[in-house]
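Shared between the two complexes below is chain A, which has chain B as its partner in the first and chain C in the second.
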Partner chain A sequence: MAANSSVPRAVRDAGPSGWLAVPALVFFLVFAVVPLAGVVFLSFTSWDGLREIRLDGLGSWATVLTDPVTGNALLVTAKIMFFSFMVQAPVSLLLGVFTAGGQKYRAALAVLYFLPLLLSSAAVAIAFKALLDPNFGLGPGLQVPILIQDWLGNSDLVLFVVVFVIAWQFVPFHTLIYQGGVRQIPTSLYEAAEIDGAGRVRQFLNITLPQLKYTIITSSTLMVVGSLAYFDLIFVLTGGGPGYSTRLLPLHMYLTGFKANDMGAASALGVILIVIGLGLALLLQRLGGKNRNASQLEGA
Partner chain B sequence: MKDQMKTRKLRTAVMAISAAALSVSLAACGSSGPAGSTSAGSGTATMWGLTGGNQPVLQKSVAAWNSAHADQSIKLDFFANDAYKTKVRTAVGAGEGPTFIYGWGGGVLKSYVDAGQVEDLSAFIKDNPEVKDRYLPSVLKNGEIDGKTYALPNNNVQPVVLYYNKEVFDKVGAEAPKTWDDMIALVPKFKEAGIAPFSLGGQSKWPDLMWLEYLVERIGGPEVFANIAANKPNAWSDPAVSQALTKIQELVDAGGFVNGFSSIAADSNADQALLYTGKAAMVLQGGWIYQGMKKDAADFVSSGKLGFTTFPTVAGGKGDPANVVGNPSNFWSISAMATDEQKKAALNYVKDGMFTDTDTDALISSGAVPVVNGIENKLAASPDKDFLTFVYGLAKEAPSFTLSWDQALSPAQGDAMLSNLDQIFLKKITPEQFVSTMNATIGK
Partner chain C sequence: MASTTSTTQLPVPPAAPVRTAAAPRPDVRRASRFRPNLLGGLGGWLWLGVIILPIYYVVITSLKNQAGFFASNPMLPPAEPTLDNYKLVLENDFVRYFTNSVVVTLGTVIPALFVSFMAAYAIVRGKGRFVNWTNNLFLLGLAIPLHATIIPIYWMITRAHLYDTLLALILPSIAFAIPVSVLILSNFMRDVPNELFESMRLDGCSDWAMLWRLALPMTKPAVITVGIYNALHVWNGFLFPLILTQSPGTRVLPLSLWTFQGEFSVNIPAVLASVVLATLPLLVLYVVARRQLISGLTAGFSK
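Up next is the complex of A and B:
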């Protein structure tokens, strides 16, 4: 465009036209803001999904906040969040660093590690449900005593089984993030460290980890906030049971809304879920420090 | 300078137009969902059925109708049981439901009637007495709300029966239990032989309910649940309920149910697989699993190794031993939101396309008892005649046929009941806690 070269400086510095953001904004409005407002509104009503929506003041909130199942769902969510993070973060960090190396065998292993990424949550859940079946599963089939457990029917065990299956599915994704992060670190840093006599462990602790700070924050945010959205996998694997042992908040919201048909209470649970999710995301961003534009790279 | 202004304006306009186009096409995506009743053309009636034993029967019936009535065709889709229950309610609430709404009668049907979502069929069956006359009257009654007919039976009678594996019974030298005490006495016998006494699909929760339904029925008679369904205050406090719950927990304590029952899903037929593989001796389940086992374990069924009997009596119980619980049938309701053309096609199908001789024969050969009169000879001629005549007799002779409680109650009550009953089987709550929690749901 010939005209562009003579555009005044002020116009050029303004960057691309604001109109470019319109499609994204429309998406955001239609699929995020409008439903969000709808959920907040519905939380102050009583609605069974069929009849007319009746305003109900704080009735749904009272139901939700006095129901012991809500407290239990919050506890289960917090437990799954904590254990998921404790398992996934170190494993995917180490795997990411490992697969970032250029060796052929590492590339081959990386391909294997990433396989679970290709599977849908429902497929993963169905496969594990079959493998862990107390009568027809892997343990009874192979007659391995240690594997013959009531994996999904024992209230004390089931939470850890769920955490394991979630990790199995999501570790590859975070490994990929860390792999990318590690490959961004300039090799000159490691060369310099080697000259100074730093060993492998020193290099990992003093170069790799600090350089990965923002990758760690990104991955952790996705892990923690993402664990508020675990639904499909657990719904298919355990249905929230046995009892309420794995009925975490999103599942509790779904079952309240679509099984008990109490849309008002389900919306109140949805609002709680949103508030917790936003709070956690903000908190994690804060932990990253205010000066987020500072460069991580050498000499800058 | 003027040129530049023009270019900028032009660029702005193009952006605005493409943004608008984008959002319009988005909106279009939203409204042309695949299964909406409006998108199939206003003349084509839509029908949602359930996957499982009756799926091929319904498929053939509708296909035959469509080839003979191209101008009143029906578009048929199938869904799995649990997924269907969620989907249809959401769709009906959004005015996007199918013309034919598949249901069970009871509290869910009542909620559709209260919301004005289903057609009153009273006039239709008055004008077409042959439709009314083809059904067993006791079954037809389940489609009525306040004396008006809103749903018509569409398949087979499904009482809950006690199935057992004759082979493992012979192995331990046991006989089919006649009383609750017989049943309890069988538990250690089977456990010694390394066989689980009872299979149970506890993760699905509704199979748990069959135990409560029959125990309450045998101990207290049909009035106990009739009071609960009528929303009488403290109806759950009837001693029959807590006695039944106590008996269930005794059976759990005795190790009556298969290992890991709380992670077994009935929707994947894992509970019946335990029975025909001989890992479990008995299972309390609906009449429909006979169709499933006939398909999945044909040899087991045809060689006569599958036994079936009524639920045992309980000493001192008030209930008539001939009473049954379960599903009298499934039903079609016609959506009030359908177009006139759709409604007309739907009613014509109900009148002339349903329960044709071909349909009835197909149901019988799948191992099911159609809910129509005058089929005794056909049942007696079937290779499955033992089971079919047993079920037909059971349904026909029963002084009382109580609808499955989760369907009879409102959805909110039904869901609370299943969750709390699950807790009873897991021994997380006591019968007293169950009763007081459920009393609080009365009227909801």
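Up next is the complex of A and C:
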């Protein structure tokens, strides 16, 4: 505040004591920070989930790092991350611009576009499992031969099916983000461009895209880092199969820990997941140019 | 928890308070009104098909009886629609799972909002190393895929003898909701003019009083938004229920869909009826309060 304020200094400077932050901090320390340390600790132990936890040095790490399934899980994770970004980013950007338009029919369509947001991942997975059934689903229903496939049983196809279902579930969320971004672009920019005779495509490329820079960074970060958390959808849809073809890292961690009862190895996978997630988040922030956190934190 | 777990890892702080996503802006793209964007329109309708087809399939199939499901064309509505599947699902303890979901959601969201709101106030109004450090810790929590910590959480919950209780779901869900809640609430609280706080302090108000009599009323829309955001994630959460509960007595809705799938196995219409029933509460909410729900969904990420 203004330094020449007439308010006495002692009163002005008296902020609330930090204790107001303590309850949230305690919750977060106990159920997020302690587990974070715990996952590192457990990765150096051997534990089946029931009996005593035994220190095991680098045993679990050796298991995880020499297991070809781990490498495969990393590859599947990278593929799903890449393809779902390549599908979701352009589609949600275009839909965001589309739904930000003022036309009545677009507003009506938008109401329906957002319906997938209401469904849980489990619900989406179950719905698509039925829909993609080669006997009782979409293919035989529409009588289109090419659609009659064992979509979830064919290891060449299944990855793309998973990417599609992920897009179906998450494009609406990113569409919303872009819609909000487009609506904040000053109308005057478009009016000026129109006077200059710029067409729709040029307006999109020269005004909309550059103005959406931060929206694109936000949405992309959420997409990329979020794809490390695609667990429930794939767990219910394919269970990681057929074989290991959709067993991505979070699922691999869950199955190693809770199905193969090797909590030590699963913890090592958890550490890998955390390192990748943190690395990606920091990298994307870098790529985004100036760290916008700085301004966010002002006056904190 | 994030279900989507998915969309919950939010590494990027929103740059500005949420605007209501659905606020009417009649004149945004004036150009299109004069020269219709045919290609855009075509794409728009095409995407509608992509979105609606699976939903249509789920709804019509849930109304078929099993014989009809095997015999009829999968994409055609049933000749004789029946609600038997819904009856079957309701008879299989659906109400209990629904109640569990309500308890877990409210039990998470209300305490999470309470502690996050106080923390946001301390972070915005307070000074000093402790407050800064706390804020940085929460920001870091946004960038870390917290779900990678499920194994120690499982260990803690079993050691605390909370395994297979609703509290086992509530406690970690509160913790996971805190970083994003504090971030969004503090962004909004910064917009409350400092003079208001100062004049209240001169009147002899304590921080506790200012928190509830000034900060809360001024940031009410944000509180609602954050509440909805968290509620959706907890309501649809799957991972915590999967690893921290076991018996039907503590089953929540998303997990019940998965178990219905196992129990009914070949009775696809009944499985899909459970999907419809589980989504119905949110659909009702969507119909009556679409704007609030939508702004809660993006909770401050729209730029």
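Just so we're on the same page, the second predicted complex is superposed on the first by the 261 of 300 C-alpha atoms of A that agree within 3 Å, B and C clash if a C-alpha of one lies under 4 Å from a C-alpha of the other, contacts with A are read in each partner's own complex, and residues count from 1 in each chain.
Keep this in mind: a residue touches a chain if its C-beta (ideal position, glycine included) is under 8 Å from a C-beta of that chain, and two chains touch if they have at least 3 such contacts.
Everything numeric here is computed off the predicted structure, so don't read it as measured data.
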Chain B versus chain C as contact partner of A:262, first or second or both or neither: first
Partner chain in contact with A:17 - chain B first, chain C second, else both or neither: both
Which superposed partner A:30 touches (first chain B, second chain C, both, neither): both
Which superposed partner A:145 touches (first chain B, second chain C, both, neither): neither
Chain B versus chain C as contact partner of A:153, first or second or both or neither: first
Chain B versus chain C as contact partner of A:136, first or second or both or neither: both
First (chain B), second (chain C), both or neither touched by A:253: second
Which of chain B and chain C A:238 touches, first, second, both or neither: first
Per-residue contact with chain A, leading partner among chain C and chain B: C
Footprint overlap on chain A, comparing chain B with chain C: 1, 7, 11, 17, 19-20, 23, 27, 30, 49, 133, 136, 258
Residue ranges of chain B in contact with chain A within the complex: 3-4, 7-8, 11-12, 15-16, 18-19, 22-23, 26, 86, 89-90, 92-93, 111-112, 114-115, 117, 202-205, 258-265, 270, 273-274, 279, 411-412, 415-416, 419, 422-423, 426, 428
Complex contacts: residues of chain A adjacent to chain B: 1, 3-4, 6-7, 11, 17, 19-20, 22-23, 26-27, 30, 48-51, 129, 132-136, 150-153, 155, 158, 238-239, 241-244, 255, 258-262
